[in-house]
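Two complexes follow with chain A in common, the first pairing it with chain B and the second with chain C.
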Partner chain A sequence: MIFVNDKDLVVPGEILAEEDFHPGRGTFKEENKICSSVVGLVAIRNKKISVIPLQSKYIPKRGDVVIGEINDIRFSMWGLDINSPYSGLLPASEVFGKEKRELEKVFKVGDVLFLRVIDVDEVKKVKLGLKGRGLGKFRGGILIYITPTKVPRLIGKKGSMINMIKDKTHCDIVVGQNGVVWVKGQTDMERIAEKVIKMIQNQAHTSGLTDRVREMLAELTGEEIEESKEISEDLGETEELEGETDENNNDQSSDEKEEESSVEEDENLPQEIIESKLNFNLKR
Partner chain B sequence: MVNKMNIVPEITRKSITHLINNEERVDGRAMDEYREISLETGVISKAEGSARVKIGNTQIMVGTKPQIGEPFPDTPDVGVLMTNSELLPMASPSFEPGPPDERSVELSRVADRCIRESQMVDLEKLCIIPGKKVWMVFIDLHILDYDGNLMDAAVLGAVAALKNTMIPEVKVVDNEIIIDHENMKPLPIREEVVMCTFAKIGEQLVIDPSLDEEEILSARLSIGITASDKICAMQKGGDSPLTKEEIMNAVKITESKSKELMKYLEC
Partner chain C sequence: MITIITLGTNIGAKSREDGRAFDELRNLKIEAGVLERADGSAYLEFGGNKVLVAVYGPKESFIRRFQRPDRAYIRCRYNMAPFSVDDRKRPGPDRRSIEISKITAEALQPAVILEKYPRSVIEIFIEVLEAEGGTRCAGITAASVALADAGIPMKDMVVACAAGKVDGQVVLDLSEVEDKDGQADVPVAILPRSGEITLLQSDGNLSTVEFEKALDLAIKGCNQISEVQKEALKKRYGE
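For the complex of A and B:
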């Protein structure tokens, strides 16, 4: 027995289904009833019901790529703000190897870096690393903060959304899994990209978003609206939403199947980002 | 009002400064444009006067409480005006519970100075028995949401709350005070006062700095001005100095902008 439809907005405590279904992320089970534990949209997949929260905080996860700001320099490590309840650590050895150098001369407080989460331990100490293609310090550009649940939506299916913004604004864009977005281009184009990204954040849960983003971009950049295959775009959106479910995993109560699927999707997403980073790296 | 603990990423600082040097702002405002202002009065039924003011996302709740008490010994025949502010932790991650910090003290002192020195409230009329009993008016500023420029919002809210305040009539019979709660009257108000805050970022002065702008400003200047264009309070903040021309320019903008702010106080 099910009481809600796919993509319905629910509030905590709302009964979603009885029996026959499995509780997924953002839900809990009580006396055979599956209830929502967050404010968000219902996602039904086979017999699993999960709720994608409308807003969230970034919970660090191994393998994620994030954008962080240095806010502390210690004896052998930098402290970073990664837009999360937990702060990140970048050990000096990650940057210099075995060499000993002064930390202040490399990265100063206030610098913004693109990093990978190497490890998260049981007390959520987040170890970060700079080894990898495209990771490093940002020069110039602006930072935009969005809620981390909306990151998959901003990237779109196979990077469709983010590539569209990049094409239209001619900006370099890097999206961190922690909801920090770096944009660099011409000043007015940076502002347009910012407006569009904020719009995506606010309307991420609605359908037909890709078209509206295209219209908005065309209007702001003063270019002609391109007519393209709308059907495929629409399909893309439903899948993105599903991607969101998996993306947004916080290592609680995940049975084996769930873990499998999340790994699969996770590999997809950072790739998108790395691709976007490739351009950025070349230009740099 | 800059919190030194809060680190602004270098690239954010550069991009905002770059925009402002080109006479543009992050939120698309003009250099001398306020964010959207809204003002409600009489929002707290338990307080004698109250107001809620919003400038953009900055939100302050103001309540006033008149009480009868003893005057200060050096001013036996004038009423007492006291301003207090509370930076609630829910307003910003940088606000902590506990005793008032520097920012809270600065805010209440600047708001207090603005209202006191403008002589907006006729404190002499608040005297009941000289040396013994006077009206004491407490203004409480509660910062509900912090998105920059608390000072202008605080003064605007405090003035609106004072205008909204009603006190009961009192009579003195045989040295005893009889409070007549049936007859309420407004506080004796002369003329309104507003405050305009400027931030110097790069080479430019911008009015009504938002939180992002406030965090990177090099100098800040708040000017209190009355309805008849008398400057009654000034507060300088930030690390850099301001030139005479910049101050004169700020005063000039204040004179024209204050008219805009006064409109909100009319109703």
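For the complex of A and C:
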């Protein structure tokens, strides 16, 4: 027996279903009743019920790519703020290998890095690493913090949403799975990107978001959009069509599907940008 | 002599100071997500009470004493503003507010799924802006809305309400005057779905029958308040 519909808004303690259903994320089972544990939207997949939270903190998971800010330098490791209840550790060996050098000379307190979570042990010690394509230090740009559960929505299916923002604002954007977004471009364009990203975070649970984002971008960037459209007409048009179909899919399917797609997306997406645009100073 | 009042009828009873029925709550208004920089927040007006609650966390615990290897720790601070009562209250924690901080944290703990965030702390700040009796219940009710708003996983939303004895009658939701003149005050916090009691205090003299009556009445009040809580959260993200 089921008491809710797909995409319904539920609050903690609400009974979602009874018997013949399986509890997913954001739910728990109590005497054959499945109840929600967070404020969020219901997602029903076959016989599995989950609740996608509207608000959450980032829990580090092995393999995630995150953006962190250095806030501590210790004897043989850096301490990083990764927008989570647990702080990250970057061991010096991850950067230098066997060699011994002064840590302060490579990364200072306040530096922003793009890292991968190598391991999370049972006492929640988060080990981070810089080995991998595109990982390294950011130069300049601004940081925007969003709720980690809204990262998939910001990226969109196959990166449709984020690519649209990138195209229109001509900014480099990197999204960490911990809900930190790095934006670099012209100062006014950075501001526009920030506004749009904040808007996506506030309206992530509503449908038809892509269209509204497109409108907002057009409004904020003004005429510049038209120019750039003309220059890369064929390219721009096909991309927009793609975005359209993606949005339709998104609306019908649940957020979870988006998320699944974005997890793989997230890995490829930022790396491309960084490869071409980022130069990180890892002097050996 | 014990007068037994059956729920639902109140024939022949003296009317209360503010004209409410014996089982009538004061006006209640809850708003979630009022503070920009807190992870979760709630504002509650309950009769003459005005309470603001902010929730921060789960976040890293910098105080070793509060770290638990297997679960999160709830820190709670209940504070009354100096201007919240008629005579200026001396600012800072006193014996009463320390007690309420403790019982609030303990009332909320059974609902929160603490195991999900080991070694972290969840901080709750309850700020009473205006007080008119029943602030501890108002604080607990608002705090659980703020916790839900912060996205902290919970088994249920804790809700609290008081009952008591005034002029020999068992009544629901005492106001400040009734609390001072009355014979007893019984604040109760429950988990509405299962009916489990997470807070039960009793101040004053009550017979066993009266106590049970008061408890039933308070639970009935809690269930009413619970609906307002849910509404407040749905309205925050509402369509």
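In this text, the second predicted complex is superposed on the first by the 222 of 284 C-alpha atoms of A that agree within 3 Å, B and C clash if a C-alpha of one lies under 4 Å from a C-alpha of the other, contacts with A are read in each partner's own complex, and residues count from 1 in each chain.
Assume a residue touches a chain if its C-beta (ideal position, glycine included) is under 8 Å from a C-beta of that chain, and two chains touch if they have at least 3 such contacts.
Just so we're clear, the structure is a prediction, and the values are computed from it rather than from any experiment.
Contacts of A:G129 after superposition on the shared chain: neither chain B nor chain C is touched. Counting residues of chain A touched by each partner, chain B versus chain C, the larger count belongs to C. Of the two partner chains, chain B is the only one touched by A:L143; chain C is not. When the shared chain is aligned, chain B comes close enough to touch A:N71, but chain C does not.
When both complexes are overlaid on chain A, the residue A:V109 reaches chain B alone and has no touch with chain C.
In the superposed model, A:G63 lies in contact with neither chain B nor chain C. Across the complex, chain C is touched by residues 9, 11-15, 26, 28, 30, 35, 37-39, 53-57, 59, 85-87, 123-124, 147, 149, 205-206 of chain A.
Contacts from chain B toward chain A in the complex involve residues 7-15, 18-19, 22, 24, 28. Per the touch definition, chain C reaches chain A in the complex via residues 39-40, 57-60, 69, 111, 113, 116-120, 148-157, 191-194, 229-230, 233-234, 237-239.
Interface residues of chain A facing chain B in the complex, by the touch rule stated above, are 69-71, 81, 108-112, 138-143, 187, 190-191.
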